[in-house]
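Structures for review follow.
The two complexes that follow have chain A in common; it is paired with chain B in the first and with chain C in the second.
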Partner chain A sequence: MLKLKIKLGSPAMVITDEWIGMEVEVVESSNPCEIGIKGVVVDETMRTLRIKTDRGVKVVEKKGRAFKVKYGRWLLKVRGDLIAFRPEDRIKKGIMLIKKSKLAKIDV
Partner chain B sequence: MKIVYVDFVRFTPTETDLFEGYDLIVPFNNDANSDIKGYLVKASNTSELQKKLKKAKGFVGVMSEDLKVNREAVMRRKVCVILDFEGRKIDYTTIKMAKDKDVIIEVSLSKFLRVKGLKRAKLLDETRLLLKLLLKFKTPFILTTGAENQLEVRPRKQLYRFFYFLSKDGGIDCVELIKLAKENSNRIFRKLVDKKYIMDGIEILDV
Partner chain C sequence: MLRREKKLERELAELRIKKLIEMSEKIKFEDYDLSRRYIILARKIAMKYRVKIPKELRNFCKKCFYPYRHDRIRVRIKKSRVIITCLNCGNVKRVPIRNRR
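Coming up: the complex of A and B.
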């Protein structure tokens, strides 16, 4: 079995990390009304994120969207398809996705 | 978004003027001294493939005539691309697996230049079928010259035009084919060159 050393704190680990409490902004969406929704994630389900904005809590689907998120010292753009799992499953599934990805930069 | 064109060759190019229209040339030549190069693995059986893959690192390309070797190569995590040449054998199952494992299938032009007559006609038929399957499964693929020397290099426009008419002749959606080929070319460029690219779906906007 190939062992992969993923550096803790690497930007790729954002998909395995807890998103509740993170500041996010929707930057890409098939629904143009969702683009620009910015706030703090207050809850998360398998397919949606509940974002608390100035105008109240907005529910945004994960699939088909891209989010700008502040993770550590980086500002990242993350595709929602990579986090479209139950929060408790995301640790395992996220690591599997990182390991499956070819030429992923895991030691940044 | 700007489209970036990538070409795979089997020699170390000394004159870049010949590569008209390409933004990045990746030589699959283990002796090459360029910053960005591919690691070439040639194998005639699966045990030889496994031995050589242990030493391989970086952007790994596998070249083999054996169907079983290509199938095994697609399943390996280290392998990034299955390189094309006139003797390559690749089947339905391998193409389907390549989609799941995110392995790029190269479709090259230079193999047609090296054969003549009936062999070339057969090769054209096989390539048409391959393109049909690649489109059907949306397997990542790339259109390249696959040149083994400078005489086999062709400009990018000529390359794409050739595959456009080849696919049109075979009743394949040529516009979709070219569009996917360009998208895959962009992806490969970002994986190899872009420092802000982490993996598919994650990129750094700012530090």
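Coming up: the complex of A and C.
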């Protein structure tokens, strides 16, 4: 568990940063087929991520999944519920979530 | 009550806009629609946090948001202005050429 800091470049700020172009792997999901989907995020909507893999573009829902993300020099595991907002809302709501910080559980 | 951190929000918004538009510039020859989608996302962020999109990144049509691509626009110089016509929607942008002296 990392200490949560509201500061540019700290690992907790993945929630607020741009996910398009990031390398992502689905780690937890209720759907066993989705586990192990790995690739670059191409597009993002309020509820889903579009991930470009070797076998085409896959659409994965954010809620109830966990993602492994390469963010800067960290390798983070992010719960999908934390990023289940519209991409432009995530800056404001993400900072609020980090401030409440009871909700924001981010593992390395 | 929790307070919003507007300064930090704006900083983050600027960074994200820059990232998105650079990415859209990169893929505009492979996937035109996706690069338009990135521009729309960047504009949404800019409007929400009231950040200006910097002038050098405003390389897209104002009306249909498709990025300018040499095969989808027409550029003419007439009466001391640059006239850029978007061939997707027909929107015309006129940029005056100022004499800097």
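Some observations on this one:
In this text, the second predicted complex is superposed on the first by the 96 of 108 C-alpha atoms of A that agree within 3 Å, B and C clash if a C-alpha of one lies under 4 Å from a C-alpha of the other, contacts with A are read in each partner's own complex, and residues count from 1 in each chain.
Just so we're on the same page, a contact is a pair of C-beta atoms (placed from the backbone, for glycine too) under 8 Å apart; a residue touches a chain by one contact, two chains touch by 3 or more.
All of these numbers come straight from a predicted model, not from anything done at the bench.
Residue contacts after overlaying the shared chain place A:K68 against chain B, while chain C stays out of touching range. By the touch criterion defined above, A:C33 reaches neither chain B nor chain C. Of the two partner chains placed around the shared chain by superposition, chain B is the only one that A:A12 touches, whereas chain C remains out of contact. In the superposed model, A:I91 lies in contact with chain C only, and not with chain B. Within the superposed three-chain model, A:V42 lies in touch with chain C and out of touch with chain B [touch as defined at top]. In the overlay built on the shared chain, the residue A:V78 is in contact with chain B alone; chain C does not reach it. Once the two structures are overlaid, the count of chain A residues touched is higher for B than for its counterpart among chain B and chain C. When the two complexes are overlaid on their common chain A, residue A:K100 makes contact with chain B and with chain C alike. The intersection of chain A residues touching chain B with those touching chain C, taken from the two complexes, comprises 99-100.
On the side of chain A, the complex with chain C involves touching residues 6, 8, 13, 16-18, 20-21, 42-44, 87-89, 91-92, 95-96, 99-100. Chain A meets chain B in the complex at residues 2, 10-12, 14-15, 68, 73-79, 81-82, 98-105, 108. Chain C contributes residues 2, 4-5, 8-9, 11-13, 15-16, 19-20, 23, 34, 37-38, 41, 44-45, 48-49 to its touches with chain A in the complex.
Against chain A, in their complex, chain B makes its touches with residues 59, 77-78, 80, 101-103, 191-192, 197-207.
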